[in-house]
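Both complexes shown next keep chain A, but they swap its partner, so chain B is in the first and chain C is in the second.
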Partner chain A sequence: MKLASVRHEVAESPLELLEYVMERGWGDGLPVIPPTEERVAAMVEASGRPPDESRGRIPHLFGDATIEKIAVNAAMAGCRPEYMPVLVTAVDAIFDPIYNLPGVQGTTNCIAQLIVVHGPARGALEINCKENLFGQGWRANATIGRAFRFILQNIGGAKPGDTDRSTFGHQGKFSSCIGENEEASPWPPLHVERGLERADSAVTVIAVDPHIMVNDAASTDGEGVLQSIASSMMQAGSNNALFGGEMVVVLGPEHVDMLVRDGWDPPRIRAFLYERGRVPTFLFAPANLERARGRRDDLLAREDLESVPVVDDVDSICLFVAGGLGKHSLVIPTFGNTHSVTRKIDYSFNG
Partner chain B sequence: MGNTLVILDPSGIPPPLEKVRPAARPASREGIRLGLLDNTKPNSDKLLRRLEERLSGKYPIGSFTHYRKGGSALPLEEDLIDRMAEECDFVVNAVPD
Partner chain C sequence: MFEAFGRKKARALGFAGLPLVSIPHPITGIPLDTVQTHADGIFESVAESLTLAPPEDEG
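What follows is the complex of A and B.
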């Protein structure tokens, strides 16, 4: 296999390698695996694609996201070769114009780019979709998310403190990759709602703000749980209140049990959250409400406005089930000027 | 250096640089058509109005036309670029906060 990347001769010592990588702005501060020719070739091989195939150019610097460059970053992050199709699909997904990649890469906001994996790939790759799925402890979650950030940073050129101008950053910029807990509800998983087959594996990418945990262990009915979630969506200072767009709601399995028992399903849940999660106008700073009106004149150019929806429309609540035991759910606001994108993982090269 | 190994560079290769010529400058300020583009960041409209006041007292500008992007975090719309190219000799873009 012919690989075109520039070669660097480095010390075998892990500490010297880390220094070398950090001096060149390629790392995230943590030790890396050396992306040797052998490791990169194994990654390319597992993608089923030629190394020089381009998947697109990633802003800011519009570096060419070839299979080889995706593979180098995956190797450096510590991925197994079989994770490659997830990464290639995630890279494809961010080029959908509704994702607004130039805005996401260039903003001062604190945005992580989250990968959610659906379907059989979760089991095959051991992607955690249960307890502590956003946290540490699973190689697939940790290294796929880390590789994705390396790709955005090294191929796209969004370097922290330089071309990545985020005011605060985001913990999820180290790594953000989870699985949907499809087995914890009778509802169709997100990729099936979006037109794919249950047997398909798929990736959703979402440009997210820090998440908000909803603690409701007191409610004994589904409506109570939804009221707690709706209240957590209702933030006058959020991007979603200002710009609309899409918001993520991750339902924990114990909350799902109550919702299923009480006859709720995703369309009814979304309709409830859309109405109850609106932000009353009196909560806004006056100038910020004016800004929202100016940006969302389809919804907001009304004198009698009493509340502001936090998403563009009822279908812009990205709802799925994940996590483990505990009476908790998550609200994850987004960049606002963005929508999530779901893409099928193409395994056709496996026959 | 003791033992060494060879690693591959993870950086993306940017597209080759293209030479871009600046737009031709008009011979005089007399009668030029000036566009003022608000990128929707808070206060950019105020900055542009103030600029119009200052310039109109000082130079013989032919016309001022105000434009507004769909959103500061969104790409500038193609049709708006075409309109400004047709209607203006110069465009000033305000990006405050």
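What follows is the complex of A and C.
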């Protein structure tokens, strides 16, 4: 296999490699795996595509996301070769204009790019969908998300403190990859809601703000749980309140059990959250409310407006099930000027 | 604050010589008369940048 990347001679010491990588702005501060020719070739081969195939040019600096460059970053992050189709699909997804990649890459906001994996790929790749799925301990979750950040940083040119101007950053910028816990819910998983087959494997990418955990271990019915979630969506200073866009709600399995028992389903849940999650106008700083009106004028034009919906319509609540035991769910606001994108993982090269 | 960033982006798009005019950061959350002062301060530079012959770029 002919690879085009520049070769670097680096001492075998892990610490020297780390210094070398950090001096060039390619790392995230943690040790990396040397992306040797052999490792990169294995990644490329597992993608089922030629190394020079371009998937697009990533802003800011419009580096060419070839399969080889994706593979180099995947190898450096510690991915197994079989993770490559997930990464290539995630890269494809962020080029959808509704994702607003130039805005997401350039913002001062605290944005991480969350990858959610759906379908059989979760089991095949051992992607954690249950306890501690956003945390440490699973190689696929840790390294797929890390590789994706390397791709945005090293190919796209979003270098922290330089061309990545985020005021605070985001813990999820080290890595942010999870699986949907499809087995914990009787409802169609997100990729099926979005038109794919249950047997398909798919990736959803979402430009997320920091997460808000919802702790409701007291409610004994589904409506109580939903009220706790709705009240956690109500933030007058959030990007969603200002710009609309999409908001993510991750339902924990124990909350799902209560909702199912009480006859709730995703359309009713979304409708409830849309109405109960509205932010009363008195919670806004006056100038910030005017800013929201300026950006969402069709929705907020009424003089007697009493509350502001955090998304423009019920379908902009991105709802799925994940996590393990415990009476918890998550609200994840987003960049606001963005919508998530779901793409099928193409395994056709496997025959 | 964002000038170097803008310069890198212009270079990446093949316009390394793109004229850039800067104003002090921040540009949001400031009173209207400060915005006006910034605008007045760069008016000549913007006019000059728009009327000068375009730089010969490296494509």
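As a working rule, the second predicted complex is superposed on the first by the 351 of 351 C-alpha atoms of A that agree within 3 Å, B and C clash if a C-alpha of one lies under 4 Å from a C-alpha of the other, contacts with A are read in each partner's own complex, and residues count from 1 in each chain.
Operating definition for what follows: a residue touches a chain if its C-beta (ideal position, glycine included) is under 8 Å from a C-beta of that chain, and two chains touch if they have at least 3 such contacts.
Keep in mind that this is a model prediction, so the values were computed, not measured.
Trainee: If you stack the two complexes on chain A, which partner ends up touching A:Ser185: first (chain B), second (chain C), both, or neither?
Mentor: neither
Trainee: Going by the contact rule stated at the top, is it chain B or chain C that touches a larger number of residues on chain A?
Mentor: Looking at chain A, the partner in contact with more of its residues is B.
Trainee: Go through the superposed model and pick first if A:Leu61 touches only chain B, second if only chain C, both, or neither.
Mentor: both
Trainee: Identify the partner contact of A:Phe335: answer first if only chain B is touched, second if only chain C is, both if each is, neither if none is.
Mentor: A:Phe335 contacts chain B only, not chain C.
Trainee: Between chain B (first) and chain C (second), which does A:Arg295 come into contact with in this model arrangement: first, second, both, or neither?
Mentor: The answer is first: A:Arg295 touches chain B but not chain C.
Trainee: If we overlay the two complexes on their shared chain A, which of chain B and chain C does A:Gly157 touch? Say first, second, both or neither.
Mentor: So A:Gly157 meets both chain B and chain C here.
Trainee: Name the contact category of A:Val10: first (chain B only), second (chain C only), both, or neither.
Mentor: After superposition on chain A, A:Val10 lies in contact with chain B alone.
Trainee: Could you tell me if A:Arg165 is touching chain B, chain C, both of them or neither one (first, second, both, neither)?
Mentor: A:Arg165 contacts chain C only, not chain B.
Trainee: On chain A, what residues does chain B touch that chain C touches as well?
Mentor: Dual-contact residues (chain A): 61-62, 157.
Trainee: Flag every residue of chain A that touches chain C in the complex, lowest number first.
Mentor: Touching chain C: residues 60-62, 157, 162-163, 165 of chain A.
Trainee: Chain A touches which residues of chain B in the complex?
Mentor: 1-15, 40, 42, 71, 73-75
Trainee: Write out the stretch or stretches of chain C touching chain A in their complex.
Mentor: 2, 4-5, 8-9, 12-13
Trainee: So in the complex, the part of chain A that touches chain B is made up of which residues?
Mentor: Residues in contact with chain B: 3, 5-13, 17, 26, 34-37, 40, 57-58, 61-65, 68-69, 72-73, 75-76, 100, 102-103, 106-107, 150, 154-157, 243, 287, 291, 294-295, 335-337.
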